[in-house]
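So that we are looking at the same thing, I have put the structure below in structure tokens.
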Amino acid sequence: MSSVTVTEASNGSELLLSTSPHLHSRWTTKQVMWFVVLALLPCVISAVVFFGFYQLLVIAVAVIFAVGTEAFIQYLLKKPIAVMDGSAVITGLLLGLIVPPHFSLTFTALGSVFGVAIGKMVFGGLGYNIFNPALVGRAFLQAAFPVAITTWTMPSYAVDTVSSATPLAALKFDGVATAVSPLIIGNVGGSLGETSALAVLLGGGFLLVTGVANWRIPAAMVVGVFLFGGALWLLDPAAPSPVFHLFAGSFLFGAMFMATDMVTSPVTGKGMWVYGLGISLMLVVIRVYGGLPEGVMYAILFMNAFVPLINRYTQPGIFGEAKA
Amino acid sequence: MELILIFLSAALVNNFVLAYFLGICPFVGVSNKLSSAVPMGLATTFVMVITAIVTWLIYHLILVPYEVEYLQYVSFILVIASLVQFVEMFVRKVSQPLYRALGIFLPLITTNCSILGLALFMVLKEYSFVEGIFYGVGAGAGFTLAITAMAGIREELELADVPKSFRGAPITMVVAGLLALAFMGFAGMITV
Amino acid sequence: MKFKTFPGGVHPPEEKELSEHCAFERMPAPSMVIIPLSQHLGKEAKPLVAKRAVVAEGQVVAEADGFISAPVHSPITGTVKSIGRESHSSGYSKDAITIVPFEPKEGEDAPAPVTLPPLDPATVSVEDIRSRVKEAGIVGQGGAAFPTFVKLTPPEGKAIETVILNGCECEPYLTRDDRFMIERPDDIVAGLRLIMRALGVHKGVIGIEQNKPQSIASMERAVASEEGISICTLQTKYPQGAEKMLIKAVNGRVVPVGKLPLEVGVVIQNIGTATAIYDAVVKGEVSITAALTVTGRGIHTPKNLIVPVGTSLSEVIAYCGGLTDNAAKVVVGGPMMGVAQHDLNAPIMKATSGIVVLTREDVRRQEETACLRCGKCIDVCPLHLMPTRLARLSELNMLDEAERLGITVCMECGSCAFTCPANIPLVQWLRLGKQRVMQQQRSRKSSAA
Amino acid sequence: MKNIIRMLITLSFVGVVSGGGLALLSSWADPLIAANKKADTERAIFLVQTEADDYELVTDVPFELYRVFDETKNPVGYALPWEGNGFQGAIRIMVGLSQDLNTIKSIEIIDQTETPGLGTKILEDPFRGQFEGLNADPHVKWVKGAPATADNEVETITGATISAVAIVNIVNDGIETLRAAIAEGAGQ
Amino acid sequence: MDINILIAIATMGGLGFIFAGALAIADKKLYVEEDPRIAKVNEVLPGVNCGACGKAGCYDFAVNVVEGEIAPSGCPVGGQEVANDIANILGIDAGTSTKIVARVLCRGGNIEAARKMVEYRGPQTCSTMDLVSGGTKMCQYGCLGGGDCVEACTFNAIHLNDNGLPVVIDDLCTGCGMCVTACPRDIIELHPADREVFVFCKSHDDPKTAKEVCDVACIGCGICARKSDGGVIMEDGLAVIQWDKFDPDKIPFDKCKTSAICYLREAFAEYQVEEKKEASRIAPEQNN
Amino acid sequence: MKKQLTLFNEYKKGIWDQNPVFKMLLGLCPVLAVTVSAMNGIAMALATTFVLTFSSFIISLIRKLVPTQVRIASYILIIATFVTVVDLVMRAQFPALSKELGPYIPLIVVNCLILGRQEAFSSKNNPLRSVVDALGMGTGFLIALASLGGIREILGSRTLLGLQVLPDMFEPWLVMILPAGAFLTLGVMLGFLNYLTLRNKRKTDEAQLAHHPELPIIDTSIRQG
């Protein structure tokens, strides 16, 4: 090795050393996350419009506790505090949007803490969780406070809505089907963010167009719901129609924001189809046969558990390797 | 139709592991690798079906006619213990690697509560012979499903940055808890 | 219009406009040359000269050692200053011969440059083409620097149908092949003819990415009257120029894992190689210069240059006006697969295709976060691997699983790391894992033997 | 061979000792267990038929049914144990019925596996109490989300609709079966 | 006697008899010969499945020991105690197992070794740094200071000192060699714990370069080799100790200008051990 | 081989060092299933301890007589006998408790803890030692079940041993008395205990470091067994 002066050609400052590639696309984790936050705004707005300003408080509490829990645990584990990547904000927002109107702030906070701590940080934080943290929080609330979380009382200050019961519960327990148009606009009973199909589609469309969310999962879910829901409907016209499945409850919200969560969905293209179809199948089965009116949350959590297996068995054949 | 419902009920709604806490030992112990979890699930299913058959016969042909139902625990467990020992010998003969992988858990399949649980529930629910078999297959399938999903998750978690003190059993229990939460979606679906 | 391509891949900013209009310039002889003995894939060459020996331009200073190896010639007339470890653009110092220009003393005469006799391309025999390519020390210009003569000597019994000339130049920034195609289309076609002769093939295809309209036009003119040679316009996408991807795009064939393109009846040569073959056979030139692009926003005047092999990076950079104030990274090769340099004394080698100097803005730091499992890397991997998983397996040293998932297939094209929003240094981990897996395979093999 | 004999002897011996010991124990325990079970049933009967003093098992129906008498040995109604599906599993209840089968005196849940704290509200008075003196003619109805208005209606439990509805269904099913049986002349 | 009791006895006795018989038959038909000593040996092993013995785990080690492929003292973790136990089971002499520990043969820490004029970006582990132009230290042979060995040690026996060099805690070190495998530069070696003198350098650089890149490099002058009567030989510009002929008393330690050859106790004496940093892997690199 | 522990230590090891639940993960089915309340946990643990102790005693008595092939079958038969005893007695004398613990009493038979101890300990040690070991393990089991049951009871129904300990304001978390709650509580508990263990170990390691400030130490003594 000869002398190592950086020659006069250089300006004397240090050079950078790293592996190839030396170029990088514009996407960053932060950007992906904040895009999702942005996409959730229409839902937040619809929640406030249809259910009143109190809901803003619920959402804020959910976000604050999610972020706080993440930061606190990162501090405990002596990891760099990375809450600014926005993932905890998303968890909080999502959780805030899937609780019923006028939900207790204490419970919201508890769900947030549980979702982030047990649903995410225990697994090692961002990128390693198996289950969608927001849904974990919601499932915990559902199991812990089943009455509170299925109480769809309409706050008096809310705008006029068709019915306080959720369309799905109305159908299941009272046999009352809700028309499609209020489902699209969102002036029906339900969780904060899920009622307005319009707002959900607006945000979801944004995610799909920018490529933040993979289109395959919502597509597979819609196909699935028509396939499985349609089959049951044809067999038994009393069952909800696929269109009703599509717009009622949190199907769209789940399809756009929950199922497409990168961390907890499959990484392979084929896997995404399997995953989406699986969610739809579970969803239709739970909605039609189950004891609960709504099943999006459980369907997604259930399929989350199988994502590692899906990934494993749908991994792409290596280019040039003989297909088995 | 009834038979299918029995199967689904045992496999999903009233999953032995996640709803009844049966068979937790192998569920925690042998779920760290898919390559051992799947055989374990299949072995358990196999033993379950055989158990369902044999215990039904013993119960209905010996214990009930002679009114010695109080001997069910002792007689059932004797049957199960012997059966498991057969399976153990068989596996050992057939595949050494599998025998090594399942390690001490093969003898402990004897103490897999799910198997005795199956026999007892079957008596409790007064299943017919054929129903009993379906129940056994369903319970086995449920166990296999749970342990396979768990093994998949745990293999994935090998790559994850799980805090040190939570590696191994604790995270497995947490995952099982979350799985149980997810399985709650099936509640109220079938009640056979 | 949809052009042919392969599934996967990325489209980084092309940045070719910095240098695509610059005609080749011949750089004057440098103050000193360092000629690494290892400028090619395979065994390094064996030195033939001693310290203080006087060598002539074009003289062989190190001979090929073994079948997969290539001789090395002196690019200048001069005196051997030293033989020993010197900087190398791979980042690790390697054995090299350092030659300083000849300074005549006491009426000594400079030795005359050594040249080879020109051959007539129309009549030259297959053996002559091969031996000339070998003698001239030509190595593949595509990046891997595989000794070209080996590729022209296919094993018995392999039927070759097509020669594909790789004019994709899919690496951003680089414009060397582009310039070759614009400036020397006829020589390229003649070179291709020679390759086809050597291999006994009647079909030649020149694959060019659609972002080089000038080249396409120029090459189309050149092949207009040529029987059996055609142009194939390809979609601009990285890594379109990788052998397997190019074959997939051009004739839809899939090269099996661990096999050469020969397996599907194809030989691929680079545009630069074809030119070099033409020069060696028709003009009798040996491989003592490198054609390269010096570009990037970190350099004052980007250029396409013909540079004597062994010239130090710093001299080339100085010739192009030096680095700008915000230059941050000097990459030898393209920005996707090239090597960042820590020592600008490293010499230019036969297969060096470019020097890209990136600025602080270009290499802005992005924080690394945990993998989001977005699957983008899987979407873009041209070899259909799961980069994120493999990288993690490699990080945790779980080699068996990595091997099972095909880590050794990876060609380190960098598409995954380019696209990764979490900014994980996937390529680095993959490379480490690959190395370890291969080491494990070797030790397994040796213990089995 | 010797080993085989040892195996046979050991296991048989253990079996014999265990079987014998347990037989002895069960001959002590069995009557007690039977008594416990009887006491359970009795307790339930007296809970659903408050003025009852005595009861007898009705033998000519293909299901379990007790006829209940007051202090003066006058029949006051029936106690009907009935089973059906709840949210999680089978629910077994005891239904106290008037002589004409049109009024429910009370119900008592004997066995259930409902969600603790939620489905188990069927055990509590706000719900269970609604059945006291409930008109069962033609059958019991349930309403959701609003207080009962008619005398044959019960209000379901918020959040546990299925469990509550299950009880109503079980009651109706039991009464109907019983009516059919009695219409055929049984139980007189 | 009560008929019920007789029935119970007959039932259980009969079942016991039948299954015992069945098992006996199965035992004959399906028996797989396994040396009972394997199980016994497996029991005395530490059971951490660390692979230090070079086998696929403790059970595999047990199989190999019983088959005589490997010596009873082959388990470095268990030490003499386990070796004796195994020997007892096998009925052979244990042989003496000397305590083996890892030794780090590089003294070029952050202070001694020159650095390249570059900023490295990427994972801060030795193995990955080694891939990128050989890390940021000028020396191509020395310690990279990324702490791969610290990570690799399951016994917490290696720590980095405040000079960025790993040090071994003898009491905790089991000589399993995990650190040796982890080091991409091969500067960690296993030695008997009682060896006191080492050549703390692996550099084959020529004297000029060696001096330039590191203050404590072996520059290949050969003085130690000449005085050592064959205890030290020169290999490609590097002094290498021949342990069978080595005698520390013959080495002129003061003649070694860089103290590349010296007593272990002096080699790292002035540096303190830093606490093992849990988060060192993910800590963000310094800003540019 | 291992040194003989004193009887007291033999007892003590089951409580923490080899706690059947927290350290060895044995007998998890009842641990999870019956710990809806502290009382249930305690009852279950007592029943288990009873079976464990008696079967340990019997098995260590006959340990030399049983051929290996029918070892497991004989052991489990003995265990099952004692379980039936417990079951019959409970059904006869404590019908309420028997109803509560439901089908989990017979499952004591297949509690891996019991068979595990027989395999690992009683079949190799004398009756006295076996009984002491069984009692130790039983105590450890009791501690685990009682604490898990206690936590779940407090959070799930805001009572402890049936007495209300949390104010009415506190809405009970029903999830705690559901299966999911059992798994989660045990998971978090195990994690926390692991954390304590790891921290202790790190402390001892650090103490060792502090003990030798100038490193490394030359250990010239060759280990002689």
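We call the chains A, B, C, D, E and F, going by the order they appear; numbering starts again at 1 in every chain.
In this text, a contact is a pair of C-beta atoms (placed from the backbone, for glycine too) under 8 Å apart; a residue touches a chain by one contact, two chains touch by 3 or more.
No experiment lies behind these values; they were computed from the predicted model shown.
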Intersection of the contact lists for subunit A and subunit D: B, E, F
Label of the chain whose CA centroid is most distant from the centroid of subunit B: C
Contact-richer chain pair (by C-beta pairs counted) among D-E and B-D: D-E
Gap in Å, rounded to a whole number, between the CA centres of subunit F and subunit B: 22
Chain centre separation in whole Å, for subunit B relative to subunit A (CA means): 33
CA centroid of subunit B to CA centroid of subunit C, Å: 59
Subunit D-subunit F separation of Cα centroids, rounded to whole Å: 37
Touching two or more other chains - residues of subunit E: 4, 7-8, 11-12, 15-16, 19-20, 23-24, 27, 116-118, 121-122, 131-133, 140, 205, 209, 284, 288
Two or more partner chains touched - positions in subunit B: 68, 70-71, 74, 78, 82, 85, 159, 161, 163, 166, 171, 174-175, 177-178, 181, 184, 187-188
Residues of subunit D touching at least two other chains: 3, 7, 10-11, 14-15, 18-19, 22-23, 26, 29, 87, 115, 118, 162
Pairs of chains satisfying the touch condition: A-B, A-C, A-D, A-E, A-F, B-C, B-D, B-E, B-F, C-E, D-E, D-F, E-F
Subunit E-facing residues of subunit F, complex: 1, 69-70, 73, 77, 202, 205-206, 208-209, 212-220, 222-225
Contacting residues of subunit F [partner subunit A, same complex]: 171, 173-176, 178, 180-181, 184, 188, 191
Contacting residues of subunit E [partner subunit D, same complex]: 2, 4-5, 7-17, 19-21, 23-24
Footprint of subunit A on subunit E - complex, ascending: 116-122, 131-133, 136, 138, 140, 205, 209, 212-213, 278-279, 282-284, 288
Subunit A residues within the subunit E interface of the complex: 1-4, 6, 14-19, 78-80
